[in-house]
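In what follows, chain A forms one complex with chain B and a second complex with chain C.
Take a look at the complex of A and B:
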């Protein structure tokens, strides 16, 4: 253990930890303002906002020797007996100087800037800046240019921290962004004809500490202070990135990465970032319907569960298909219900969408080919509850052979996931319950059509490709007419009160050894289910 | 002319002095043959170290000491960069050496590479020296033919290749690590230190960057020895243990309002007055002097009554300047306006700031904008304090920037306003009689047309 002294306060730093001044100070509860430094990028020490006084303490005599000049905290390692002073007058003056410098040519167009409210330039100015403007330079110019399909650059708002440039060099390896010109004429730009176009491009808007890089998808859509942030898990691939869903009055406006060292670090891909559009799609299924004669009639949620229950109990051979878009809890509840109404019910794993191959970037971030969030979790539930795994293709073959007289297919796929021919293989099933998000060939031949919830509307847990279980709560309420799967299964099972994902998870953890670590409330960053498997084999 | 016999400039100005034939007739490359045969790299490094040769590029860091910072027993490669990006305003000593005596520079470079065990050397030449580019390239070709370069030079185990690289005309490429970045094909943004180039420099390998004149001095030390070198110049101050002394001959670039501007070789420690009178032929048209730049504009300004300042590595510092710099002395007579001088200086540094560190990028630009306004007759007394505040707070010395460009920008501001404050105040009051006392921020709209 090494001792580092921050503003007179001693903190301990592990021997194998390599922290800089900013990180060490954070541990002492001291925020050192910074623009260019980012834990996921190389250190350039160029914004000079994190200037502090530094020195060393002689461990024997306790005498402190300070470096006469200011040093950037981001570049100064917090070694044993390093002293940082972050609140001296000299430091405050330096911060005021950098803030003033950055605002000399800044347009101060906060009223029309999307970053306002979460802008470091604003926050630091209020905290560290000069009281009044002393610069005499006409500040307002407003130049804007597109950098690529997702990002637009507001040239004059830029503080030249170069985070975005380093991101495209170090994180994605695509090198689209660069700095052009020199001195106060510097700008971020792209090479003509080579736009910022990679699958992680949206991250540069998050990285931008000011309003220079705007996300075209979010541009002028919503003031940030109107939105509420909900911690969630991305559903677009089996990486299972930790995200924030930001919404206002049940409408999602944007998805942001949530820092998770075990999964996605600080990043998410554009597929996940912009992959919420289906939630508010106009064609989304929002009305439960059942087939009467040749026509569909709207069903009523107050009577539907009882009707479904009766029809399912009448069936001889029941199969339920668990979608990899369901949460672990939902999959378990439906499987449990199926086995209750029919002891021999088949529990199958639904279609697992795979597109292309895994794409790994130089910084280790991987976009998985498996485009669903919970294959691992649902697979465990399905195979355990069924006593052996039945995959989608096996199920289809058996259903086509007429093995089942009742089938419940759960979907919730954000994109079309099967074709007409697939649907025809199930056309002969007498009782076909289809629960899905968007209209589809199966939807059009179903006996029961149950609209399903989107990922931001669910409570529960996903297990990613690496057996990490992450729990989350709903961010928005579903459209009227949609009953979230968990609630429906809860009611079918006759459980008391409102659907409670946590109590369902406790039951899963009891029943299925794989989920045993989820006995304890999973922390916000999730738990690694493999740890218990290792423990149980010892 | 004074009695001092020029050594570095001995060949300069003679017909065909840039050719190998001429150079070898004057004893060229004899030292190289002897050192390769008789001395080990360590021995030769010790010779340079003992000579107390200090870098001629501006900072005056002891050259031999710099060489010893290279890691011992490094598997290599070690790179050597010769900094010929001579961009400091008023400086042209490297140019004279490279144009008229390129072989002296190259012999010094080969010797330096031998001492540092570098097997690849780069000469980073500023773009604006086309003649130097031709002659250096010619000289390098001649050396390869004569066996002074290439594999196993003169039968020794030492091999060396020299590449001549022409820059793209940016001042910042003369900064040690900016030069390295530029050589690597990147934007010349100076690197954060540590690691220093001696540990991790060009292509992430140990690297030495030396100035052209330093290399020429290395060659002269090899020719004439340590005793000769230390017999010239100013000894170390015994009361200052960190002072390495200012030994050896120095090329002074004398320009401005003097009768005979030019590059003159003189022992370190000569005063500005001596330089003007003994070498420059006195003030132009006998006018009264007003100011002088002691060593390139980034070193600041000397007043006329400070011309007894000795031009050694410590001298200008005693008169509020930054240091000796490149020893480019620009003399200004009494007709020169300090407002114009400072404006010109601010324009240069605002133009040349690489834009990496906020205080330099914005500070130099802000200072220029203020000087623009003062010159346009809208100055206020308060501006002088703001300018001084910028000057006092930007640079590597207060710690607010990565490299020393901002210090160079700050020193003329600090010196000009502190030493000629009366002139600045008089100018502002005269040109802006209504508004010179104004304290509030200037409304932006009124400035359209000035900026």
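Take a look at the complex of A and C:
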């Protein structure tokens, strides 16, 4: 353990932690303002906002020797006996000067800037800027140019921190962005004909500490202070990135990455970032319906569970298909219900969408080919509850052979997932319950059509490809007419009160060994089911 | 503001004498006010036979208007600060990219529910570009709720009806405003409309 002194406060730093001044100060509860430094990128120390006084303490005599000049905290390692002073007048003056310099060429168009409200330049100016301006600054309209299909650049709002440039060099390795011109004329730009076009491009808008890089998808959609942030888990691939869903009045406006060192660090891919459009799709199923004669009639949620229950009990051979888009809790509740109404019910794992191959970027970020969030979790539930795994293809073959007279298929796929031919293989099933998000061939031949919830509307847990279980709560309420799966299964089981994902998870943890670590409330970053198991068997 | 802020002056409660403890000075003060009003000229008017005199229409808080810039375009930049400040949530804006080269964003639609409005004037306070202002038009009636939801065109027409009698704050103070500057060719957002456009719903009064 090494001792580092921040503003007279001694903190302990591990020997192999290799923290810089900003990180060490954060540990002491001191925020050092910074633009260019980001924990996921290399250090350039170019913005000069994190200038602090630094020195060393002689461990023997306790005498402190300070460096005469200010040093950038981001570039100064917090070694043993390093002293940082972050609140002296000299430091405050330096910060005010940096702020003043940045504002000389800034358009000050905060009222129309999408970053306003979460802008470092605004925040730091209130905290560290000068009360009065010495320069005669008039607001003006920033020049603007497109950098690629997702990002637009407001040239004059930029503070030249070069985070975005370093991101394309170090994180994606695609090198689209660069700095052109020199000195006060420096600008971010692309080489003509080579736009910013990679699957992580949306991250540069998050990285930008000011309003220079705008997300075209979110541009002028909503002021940031109107939105509420909900911690969630991305459902678009089996990486299971930690995200924030930002919504206003049950409408999602954007998805932002949530820092999680075990999964996605600070990033998310564009597939996940813009992969919420299906939630508000106009063609979404929002009405439960049942086949009467040749026509579909709208079903009523107050009577549907009882009717379903009766029909399922009458069936001799029941099969339920658990979609990898269900949460662990929902999959378990449905499997438990199926086993209750029919002791020999078959529990199968639903279709697992795989598109292309895993793509790994130089910074280790991987976009998985498996485009579903919870194959691992549902697979464990299905194979445990069934006593052996029945995959989608096996199930289809058995259903086609006429083995089942009642089938419940859960979907919730954000994209079309089967073709007409697949649906026809199930056409002979007398009782076909289809629960899906979007209309599909199966939906059109179902006996019961139950609309399913989108990922942002669920409560529960996903298990990602690396056996990390992450729990989350709903971010938005489903459209009228949609009953979230968990709630429906809860009612079918006759459980008391409202659907409670946590108590369902406790039951899963008791029942299935794989989920045993989830006995304890999982932390926001999730728990690794595999390492916990290894630790418990040793 | 933090409680340790040097700008805060902390004062102690004054020590009261015997007269003060018996409320005598305050009692006399109150009586003086009452007597003054007894003998001073009446301020109430018998509306609607008689129209009230508004002392300073520039600070009166009546119907809203949306101001236009020098080129006749709506001045609003769709920053949502008025909607944010509004305690009655009566302002609804749809902001989109502007069609003009010198402006970044403008309101595609801008509606104020005048029935919901409490005429507090916070929107005017919040506006960074002097685009929304309250006029001295106070006689506001309608035959349906929908009629009382004023859209952008109607709010702009209130500006046309009142701009001469009540010039914009920026014009009064001779201030340049960001939205009225720029190099773009004169383009008209909304053609100037003949006033009065409020069709008898709002009656202008004579000052």
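Following the convention adopted for this analysis, the second predicted complex is superposed on the first by the 531 of 538 C-alpha atoms of A that agree within 3 Å, B and C clash if a C-alpha of one lies under 4 Å from a C-alpha of the other, contacts with A are read in each partner's own complex, and residues count from 1 in each chain.
To be clear about the criterion, contacts are C-beta pairs under 8 Å (C-beta built on N, C-alpha and C of every residue); 3 or more make two chains touch, one makes a residue touch a chain.
Keep in mind that this is a model prediction, so the values were computed, not measured.
Chemist: Scan A:496 for contacts with chain B and chain C and give back first, second, both or neither.
Modeler: A:496 contacts neither chain B nor chain C.
Chemist: Is A:131 touching anything from chain B or chain C once the two structures are fitted on A? First, second, both or neither.
Modeler: Neither chain B nor chain C is touched by A:131.
Chemist: Considering only the touch criterion stated at the top, classify A:184 as touching first (chain B), second (chain C), both, or neither.
Modeler: A:184: touches chain B, not chain C.
Chemist: Does chain B (first) or chain C (second) touch A:75, or do both, or does neither?
Modeler: First partner only.
Chemist: Looking at the overlay, what does A:344 touch: chain B (first), chain C (second), both, or neither?
Modeler: Neither partner.
Chemist: With both complexes superposed on chain A, which partner does A:44 reach: first (chain B), second (chain C), both or neither?
Modeler: So A:44 only meets chain B here.
Chemist: Going by the contact definition given at the top, which residues of chain A touch chain B in one complex and chain C in the other?
Modeler: Common interface on chain A, chain B vs chain C: 138-140.
Chemist: Which residues of chain A touch chain B in the complex?
Modeler: Contact set of chain A toward chain B: 43-49, 51, 67, 69-72, 75, 93-94, 97-98, 101-102, 104-105, 132-140, 159-160, 178-179, 181-186.
Chemist: For a test of understanding, state which residues of chain A touch chain C in their complex under the given definition.
Modeler: Residue positions touching the partner: 109, 111-112, 138-142, 144, 219-220, 223, 225-226.
Chemist: How about chain B: which of its residues touch chain A in the complex?
Modeler: By the definition above, chain B touches chain A via 170, 187, 189, 192, 350-359, 361-366, 369-370, 373, 386, 393, 396-402, 441-442, 444-445, 447-448, 451.
Chemist: Over in the complex, which chain C residues touch chain A? Could you list them?
Modeler: 77-81, 84, 95-97, 102-105, 128-129, 176, 178, 181-182
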